[in-house]
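The following block contains the structure, expressed as structure tokens.
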Amino acid sequence: MADQQHQGPAGSPTSEKEKLGFDPHDPHGFHEGEEHGHHILSMRMLVVILALLLALTGLTVGSAQAEIIIAEELGISIPQWVNVTIAMTIATVKAILVVAFFMQLYYDTKLNTMILLFCLLTFGLFIGFTSIDMGNRDRIYSWKDGQHTPGGTGGLGLERGAFDSDRNPRRTTVTGPDGEDTGRTRRASEEVAGAITDYSADPDVARTRIDADVLERLERYQERRRAQRPAASPNRVTDLSSPRLFAPPDDEDGDGNN
Amino acid sequence: MSTIDTHNAGQHAHHEGSYLTPHGGALATIWNWATTIDHKKIGVMYLFAIMFMFFLGGVAALGVRAELWEPTRVVTEVVEGETVTSYTGQVLVNLAPIVPGVESEGGISAGMNIYNRAFSLHGIIMTFMVIVPSVPASLGNFFLPLMLGAKDVAFPRLNLMSWYIYVFGSIFAVAAVVMGGVDTGWTFYTPYSTMTDADHLRVVFVILAAFILGFSSILTGLNFIVTVHKLRAPGMGWFDMPLFVWAMYATAIIQVLATPVIGITLLLLIFERVFHVGIFDPRMGGDPVLYQHFFWFYSHPVVYVMIIPAFGIINEIIPVHARKKLFGYRAMAFATLGIAAVSFLVWGHHMFTASGELAAMIFSALTFLVAIPTAIKVFNWVATLYKGSIAFNTPMLYALSFLFMFTIGGLTGLPLATLATDLHLHDSYFVVAHFHYVMMGGTIIAFVGGIHHWWPKMFGKLYNERWAIVGCVLVFIGFNLTFFTQFILGTRGMPRRYASYPDEFQFLHQLSTIGSWILGIGFLIHLGVFVHSLVAGRKAPENPWGGLSLEWETESPPIEHNFHHEPIVKHGPYDFDTVQPPHTDPAEFPMPEPLRPGERTH
Amino acid sequence: MNPFLGLFESARAATFLAQQGPVARFIFGRDPQEATYSAGVEGLFMFIFWISTFVFIGLMAISFYWAVKYRRRPGVAPQRSPSHNTALEITWTIIPSIIFISLFFVGFRVYAKQVIAPSDAVRLDLIGYRWGWNLYYPGGVTSTETLPAGTLSASSVPVFMFPEDTPILLEMSSQDVIHSFWVPDFRSKMDLFPNRSTSFWFRTSTLQPGDMDNPDLGYPNKEHILYCAEYCGDQHSQMLGLIRVVPRDVYENFLRNPWPEGISLVEKGKLLHSLRGCNACHSLDGSSGTGPTWLNWYGYEHSYTDGSTHLADADFTRESIYYPGRKIRSGYQNVMNSYLGQINEEEMRALIAFMRSISDQGGDPTAGFPDEEEEETGGN
Amino acid sequence: MTSIETGGNPPQHNQQPPALSTEPRWKRQPFANHWRSHAEDFDACKIGMWLFLTTEVLLFAGIFVAYAVFRMWYPEAFANGSHHLDVHWGALNTVILLISSFTVAASIRNAQLNQQGLLKINLSITLVCALLFMIIKFTFEYAPKWAEGKRPGVWFSYPFAADPNEHIWWSLYYTATGIHALHVLIGAGVLFVVLLKSFKGWYGPKHYTGIEVAGLYWHLVDVIWIFLFPLLYLIH
């Protein structure tokens, strides 16, 4: 009785199906013509897969070691992407072997494969878009940086048509020290900078003094920017000099070292 | 109606009572409910737990609105030669003596700190404990198997476990509230969330609560996916499913794929707070923007976990109460799946102001993709009304309010998806109003409408239609008064999460606060209607609205195993023009004239 | 230039028309700053607004009309009606898609203007902290003026002066948590991060003689309120600022002589107390906030979390401001940021003089800087 | 009973008929009454488990994303940190996990073929492998590194760090391997329950859902390690 029930329907499924117009045990034809879930892997197959996996492990360790040896003994440095590609390719192959055979996905319903693929797709979206943002924050940096000067000097940067809001800058006539016409015009913002430069000569306001030599200042500023900018992400400023809020219990001075 | 009774009558000699029939005494009944694996009982327990949490979150919201009645004004006066500074207009500061962790002598900070705790509490409870589980865990649990013609969900014990996880997580959250609450906001943005309240476990408790609730969400989603795949009644193909089921299915996919990411995010956040691992801490080389990516990778898709079930409910309410085949069934189904798919591509629009121009551009473009299926849905709902037979009862009024408010919520999403305008509107009251129009005006309104729609089926009792309509109208007025003003506040420059504001905004804030009271009264009326119905409601017929999906075939309330016989599906869920609904009187629900030979309706 | 050029031009015309009118003024309140992008943002918003309003009213009118016309009548069967119409469905998919695509392009176009400053912009550094802003003018000058307590419902609002008709580029970073620089009149904002620098630019308007937002000033000026838009803790709503656009000569004069004429060291210290955000945590009336009050701080011995007591003299005050984590007052948390590099020697002197002036043990705050003498006083 | 009455076995069938109680457990294992057959129950459990594995993969996705981003920013810190890991222990642990995966796969085969003795042996080997993995992890990897000050985040006190951001590497290392080790422990716990049940004869040709599902989980733990191993130990 129990067994009979476990084995599913009594009677002829075909006739039921014909009578009802669908298979009552598989109403939407989901499993039609599919025999799955009960595949029994042969022992030989299992051993072969294990052997492959162990061999691949050896290969990936070996290739990583070989690279170090090549780099140290022969002095040839192999680009990083080679290392990454080899290691990740081998890892992927290993994972596919485990998933397809040990986990029997190869013999399983298509739905489970779909589930795994959707999972990987989501993973891909997550890592892809996050990397796009985190790795490309400097992409428009060349437009945003490099030409501005502290205090504003104007005109020294490259003229950029497309994104320059100041297509028709308001220009004013530059007058000399005694109010005479010098025949030059300058941009609005230059005037402020010029005004500041003038003060630098005034000993009373030494605090507000900025270097008269704008070119030199521009160079120094850009140098500082370059120094601040790690190779991979130029606009990150990591200030490690500031004391840490949370020091370990035995870290008296809060600088992270005991 | 369509059930083919192939049974031998003798087989069902035993009588099956309603699932609400008590088993023995009070203790036995409580034990029976606490250990039940019946999806209906779990759904009902979820419903009441969610209503309770909604009440808690609502009280916090009223507190927030009360604080904003007046800005905090700094008054300095000279008393006996000394300058004394005092503050007026603070409301919540009166709670300082009973809120642990707040210095009642803290000057201007104390009241603002309590305000911050209030809005954080409101956000955390409403997001993680109300809206995310609201429709799937309560109505979904109850009606998904019924609509599929199944006896239960695929994994009933897992379902019970998910309920207990929900309770466990909520207890953590409530414990944190009792300990004084947190002021992180529901987004837990680092580095603020790793620095605030540094010597207290409150924040960790709340994060842990959200983490635990994630598992509840995952288990519900997993259960639903397998249920939809494996337990559809014979004859029910994919496109014979009610759209509520489609919505649950799409929701479940998002829950399964997105929730684990919030799991790891919150885990790392706990590590950050407890062990200071530095992954999100800028002082140690970590990155707050990375946290935002992690957080929104979950929390944007979860916005669709919140709203897609509401679409599902509206998809049921409108055709049934308009007695009209839903317009564009397949478009609806594909739009649901489309929204679910696109939901994973747009999280970056929460970070337009966090620099990253390339990503901003990509995410802005992708965000507009969401608008297309959403627009299709709205058009389809409106088109469904055409030549229907529209009953102005509570569920339908709620569905129409949903149409009104969700359309506003959706349209105001456009300037937020547009890069340039978002830079102005981001983190302003415009955003607050926008997501309340979607989450509250969309999800909660649909949820309440859905509860009214299915209440007779769930509890076998009718409710007082007149008072329910009064409640609905009050909710509609109160909601729009509360939140429409906030759109204008936002465009005029009111930033969100402000405990105080310049005087120019006061009038609109006061309107908004008055709206919140009306809204509160509306919900209290609904509560009264529900309690009255449970205590003294009239017995509900099997099919009070003339619905066609399978849940209307069984009794009200359903029997313990849902159906006396496994139903066999022979018609679509919305074929109102060709099928007389089960258990209905043709005089009350007359059919359109039969087709003339050669005539096609679609 | 590209196939969308025509689209841009027509959209630009549409946004220009859309931004005019009382509805835009009702929605946005003040006029947009006459910078390059502010009007564009507002126009784009109004463009979306009018499309949305049209769609919304249309949809609601149809719904309402049908809902009433086809309301249920007892015993009356509904009419037959189609349940789908491919042509209609495709139409209402395509048309919104086209609108959305164009919105994206126009939005991106304006966004590019918002994030990319002109090459001749005046570059200034802005630092956000809880709960205030420090703007560094050339030569290290910072703001020296706050609005009276209570203005804009905030305890202190620093005033930042900018010269008229000048593009300004702010290089921004944060000291502690994330903040966001939002000037609603400019219709744009940008976040400040503790570990990366972001930028925000705007063009100040050309002042007309009638621009007198603050009539007490003797010169034309325009004022814009600056808000912190990213939640940053207790006094997030107090983190305001006032951007004051002034004539160039006023600005130049400010850079030359930032402090008001004849200001005493103590008054300067008192100004710095609110300008540098000390007031967010340290009260002057004896009430305890996030940090200890300054009233009767100087010259007294206080106990610290490590069990020690220490006299608050000038040196200790200096150490507490520059290295706040070294000694934590009992009953308080280690939350203060170091002001090393932000408060220069003169400002430090002013702050100490101010603390002395509000302490019973402070002695004569105007009497120079005699540390030895102070220690004697404290020892008594 | 007609075959259209397919709503699973009615409740009363869930109780074992007393006459059959001497049969092995797997022969009289009922299926839940909302299923139509054992096969459906088994299928559903597998789909459910795959969905659960999906969530596990996406949980680890967070760590992989953090790894990718910080590696992009601090390549030096990652290269230096990676050099401090002993590739031999890592490789040994990989081999141990692969073998354990093999024995779990074999134990499913044993259950399918009713080889009760081998089933128990294979499951026991798996548990021993899990134990070995954890011992190696804690004794030879965590303990010495922790003692040398190679610790996560703020606890990092290794004096010879060449890059200021090396603590980030260690944070990720401990987080990734720690969460993975937690999964190993959970997997071992589940397999231990399976082993106990196998002594009571729960698993056989017609009923091996529990062992199949536990096995899937164990394989996933293995797959994640397959990726963690090169990322942490091999890519300099």
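Labels A, B, C and D are assigned to the chains in the order they are written; within every chain, residues are numbered from 1.
Keep this in mind: contacts are C-beta pairs under 8 Å (C-beta built on N, C-alpha and C of every residue); 3 or more make two chains touch, one makes a residue touch a chain.
Quick caveat, the model's predicted, so the values are computed rather than measured.
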item	value
Steps in the shortest chain-to-chain touch route ending at chain D and beginning at chain C	2
Higher-contact pair (C-beta pairs counted), A-D versus B-D	A-D
Interchain centroid distance [CA atoms averaged], chain A/chain D, Å	29
Intercentroid distance (Cα basis), chain D paired with chain B, Å	35
Euclidean distance of C-alpha centroids - chain A vs chain B, Å	33
Shared-contact residues (touching 2 or more other chains) in chain A	20, 24, 111, 118-119, 122, 126, 130, 134, 137, 140, 235-236, 238, 240, 242, 244-246
In chain B, residues with contacts to at least two other chains	195, 198, 229, 234, 257-258, 261, 276, 282-287, 289-290, 293, 355, 357, 568
Sequence positions of chain D contacting 2 or more other chains	1-2, 4, 6, 40, 43, 47, 51, 54, 57-58, 61, 65, 69, 154-155, 164-165
Touch list for chain B against partner chain C, complex	71-76, 82-85, 89, 103, 105-109, 112-113, 116, 183, 185, 189, 191-192, 195-196, 198-199, 282-283, 285-289, 322-331, 353-355, 357, 360-361, 364-365, 368, 371-372, 375-376, 378-380, 382-383, 385-392, 400, 403-404, 407-408, 411-412, 414-415, 417-428, 488, 491-493, 495-504, 574, 576-577, 587-588, 590-593, 595, 601-602
Chain B residues touching chain A - in the complex, by the definition given at the top	195, 198, 229, 232-238, 253, 257-258, 261, 276, 282-285, 287, 289-290, 293, 297, 344-345, 347-348, 351, 355-359, 362-363, 568
Chain B residues touching chain D - in the complex, by the definition given at the top	4, 6-8, 11, 145, 150-152, 154-156, 158, 218, 221-223, 225-226, 229-231, 234, 256-261, 263-265, 267-268, 271-272, 275-279, 281, 284-287, 290, 293-294, 561, 565-566, 568
In the complex, chain A residues that touch chain B	20-22, 24, 27-28, 30, 111, 118-119, 122, 125-126, 129-130, 132-134, 136-137, 139-140, 235, 238, 240, 242, 244-246
Of chain A, residues touching chain D in the complex	1-3, 5-11, 13, 16, 20, 24-25, 31, 36-38, 40-41, 43, 46-47, 49-50, 53-54, 57, 60-61, 64-65, 67-68, 80, 83-84, 87-88, 90-91, 94-95, 98-99, 101-103, 108-109, 111-112, 115-116, 118-120, 122-123, 126-127, 130-131, 134-135, 230, 232-233, 236, 238, 240, 244, 246-248, 251, 256-258
